[in-house]
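Before anything else, here is the set of structures, which you'll find just below.
In the two assemblies presented below, subunit A is common to both, partnered first by subunit B and then by subunit C.
Then we have the complex of A and B:
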């Protein structure tokens, strides 16, 4: 297949625009000395990575991953029935439900976090991992429901009924009909849920009680030591890219 | 394996509206029945209730003598060919056909083999490995039929199976459905709003109106001897004439016709294709309109006493508007609707 010249030029332009921030991040992380107005760093080195990895970065990576995975899994479980009801248009006022669901997003996450903290103190959840997951869930759930809803619809329901009359028990209907049909939406919802939890700063700061999470670790360096911040940024991006790859795969091939 | 279907006094209310209102229907084992009725009469609801997809508020569905209430759809042995083919887009044609075999954990090789046989029977042998997305509407409907047969059901339900097809494909699929049913002797119930489809597919036809079966019988009996004015109208017996019977004769347009039965007011009915034009018919009528329909000509006539008649005649003998023609109503085609005094 031949691609027209102008098409190829556009492709290159788009690739450059998308690759540039990534390249800059890598360069910044590996530049021991980089004074303006030089285009390239004066000295390359691994000081940024050394400092980043010597601290609590690996702890934070583990905690962030555990919290994001747990939150996403819980959110998917909770969102499934909601998305099903919304997607099949069984509600008379679906807008109302979505609005209520989105309320936590209308307030800055730090404020939501502060409100939660007050109650978590009373409930003994403050500074616990469970509290952190719950706080993330408040912010993650609306995104996951919204991403999962288009996976369901009257067409899926019709296929499930067909499979039942074909003699398939509910467990097999779920595996042969429901899951493959919902897979793309499920992949998107999982990806979105993971990312929202992964990059949560406000509510983590409010509820986390000093538990190391990547965004909390990164922000102080952004002003004081850009090289370390960039190195942590790389650490921050990699799992997200990995989850994106997995989600895309899940969406493409029926499970 | 096939079983007798018996629905007894079925009631279903959907969204506050009664849809089935004491419906009773029987289909003998190994026979073909058609259920016909206007849109909204409750046809699809009955089909869903028999398949186990809609719960009855009252009444019972029996299959081979066994009461089905509370039996989930997947254990009923009732296969459905829905109005839309409902194929699974992520499976190829053969795997769609073999879907019912997954319930018994049949191996992939066996599934393919069985699917190939069935696809051959419905004339799609060459398409087994294709994705379903590229198939035509008629091909998809055949895949759905093969899938329903693959379940080896006791009862096969079909919802308007011919509705979406063009006339030529329609005849093919009709012949195929009848052949497959006769070969397997599976009990079959077709649900349709199309009276021609009902007559073509059913050994017997049941007429469903307002949630009840109002008449049931062989197609010819139903189409020529309807039990009510509403049934006559729905079945296309559109000439409804108010008259009075005296001494075995009824006067229509000033002319007496033979009409047995007790004396008194009566509604007479005759099908448009049974009215005779020309010859020495006793009635004289003026042609108001002659509409060419492609396969016949529909003639609207006006006779004495504000009598209007619709007649279908072959295209080669059709009169023109304004002509005066002679009309006969053959006694064996003239039907006195029982118990109805006035067609309005």
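Then we have the complex of A and C:
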């Protein structure tokens, strides 16, 4: 089938608007010298990447990854039973639950983080990985529940009952029916949860300014050293790209 | 334990964690704002906050970029969704690309392109107006519109499924004109996702922090920037001022949410 010409024009426009900035980021990260008004860099090099892959930057990368993975795992564990009940519409009045879950999405994360700090100071959680995970969990959990809920429904429930009636033990039902059916939603939820934690700026600054995550480290460089900022930016977007690829594959897996 | 209670128990862990952490956070913010480090509870911080012209400026600035970003994203997303509704999956995938990219990264890229001496200026030989650091926050609005338009457009495209196309066709067969179809067939179908999406965008921009930090003006800042300045400037009262300022944005977001729920519900009558 041929794509109509107007569709192709749209495609080109969308691709240029969304892909060009990314290409610039790569070029900027690999340009050791790029003085105005030159359109192309005077000298290419890896100074930006060297800084972005050493010392404090590497620590921040490790902390960011650990916090995002832990937060996402915790959120998935907490969200699973809630998503199942909400997805199968088993609550007669889910309004209150939905409202509570939506609240953290409405309030600026910096506000939530600032309020948590009041208690974290007393509990000795400020600038700790545990404090960061808790602060991120408030924001991540609602997204994870929202993404996981559509994975469940009366159809899956019926399939599970069929499998159980056919004599499959519960663990086998879970592995052969439930998990494959929920996999796309699970992938999406994990993806979203990881990204939300990974990109948190305000709440991270409030409760963990002394233990910088990647976004906190990146911001000062944007004004002072664009090459390092671009290199850190590439690191910052890399897991998003990887997780997106993984999630897309998970979503394609058949029921 | 009967089924009803078992179902209720299943939502307890998630709800309780949010209730404790979020409720605790809000209580903590209120406490920080009324109990200063050195003594007795008072409303001094709140009084000083609303007497501070810098805070009022930041509130006005935040409201302005929130309104502009939300309205522009909604209009562009509607236009994009209507234009792309019959398009290929490839185009939709392209449209989805900016959605997972962190705001911070878009802001960094905007600085690289649009700051004085940036690539756009070099290619075009000068920009007609400043975007980065603009006093009215044009650069901030641009970053948010760039990020949120695809998000809203995808929400709308999801709501404009095959079923809607069928209903439109049926209306067209009965002689309903295109504009009338838009008003009476398409609009009711997209109203709820659009209002929900717009609320999410508005709440997001209300809390804008890292984006204006990078591409916004030095003054005025958003409320979040004002709060951060307060904690840096005054070590004793600063935390209280920051908490109070942030609670104001939280309250504004809550009011917006109530309005949005009413507007979204209106469609069901």
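In this section, the second predicted complex is superposed on the first by the 227 of 255 C-alpha atoms of A that agree within 3 Å, B and C clash if a C-alpha of one lies under 4 Å from a C-alpha of the other, contacts with A are read in each partner's own complex, and residues count from 1 in each chain.
Here is the rule we go by: a contact is a pair of C-beta atoms (placed from the backbone, for glycine too) under 8 Å apart; a residue touches a chain by one contact, two chains touch by 3 or more.
The structure presented is a predicted model; accordingly, all values stated were derived computationally and were not measured.
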| item | value |
| --- | --- |
| Which superposed partner A:176 touches (first subunit B, second subunit C, both, neither) | first |
| First, second, both or neither for A:156, with subunit B first and subunit C second | neither |
| Subunit A residues touched by each partner, larger count belonging to subunit B or subunit C | C |
| First, second, both or neither for A:164, with subunit B first and subunit C second | first |
| Partner chain(s) touched by A:39 [first = subunit B, second = subunit C, both, neither] | second |
| Which of subunit B and subunit C A:199 touches, first, second, both or neither | second |
| Subunit A residues contacted in one complex by subunit B, in the other by subunit C | none |
| Contact set on subunit C toward subunit A in their complex | 3, 7-8, 10-11, 13-15, 17-19, 21-22, 24-32, 83-84, 87-88, 90-91, 94-95, 97-98, 100-113, 117, 119, 121-123, 150, 199-200, 203, 206-207, 209-210, 213-214, 223-224, 227-228, 239, 242-243, 246-247, 249-250, 253-254, 256-257 |
| Parts of subunit B lying in touch with subunit A, wherever the complex brings them together | 51-53, 72-80, 82, 84, 86, 88, 90, 99-100, 102-103, 147-148, 150-151 |
| Subunit B partner contacts - residues on subunit A that touch it in the complex | 158-159, 161-170, 172-173, 176-177, 180-181, 254 |
| Of all residues in subunit A, those that touch subunit C in their complex | 3, 7, 10-11, 14-15, 18-19, 21-22, 24-25, 28, 36-39, 78-79, 81-82, 84-86, 90-91, 97, 100-119, 134, 137-138, 141-142, 145, 191, 195, 198-199, 201-202, 205, 215, 218-219, 222-223, 226, 229-230, 233, 236-237, 240, 243-244 |
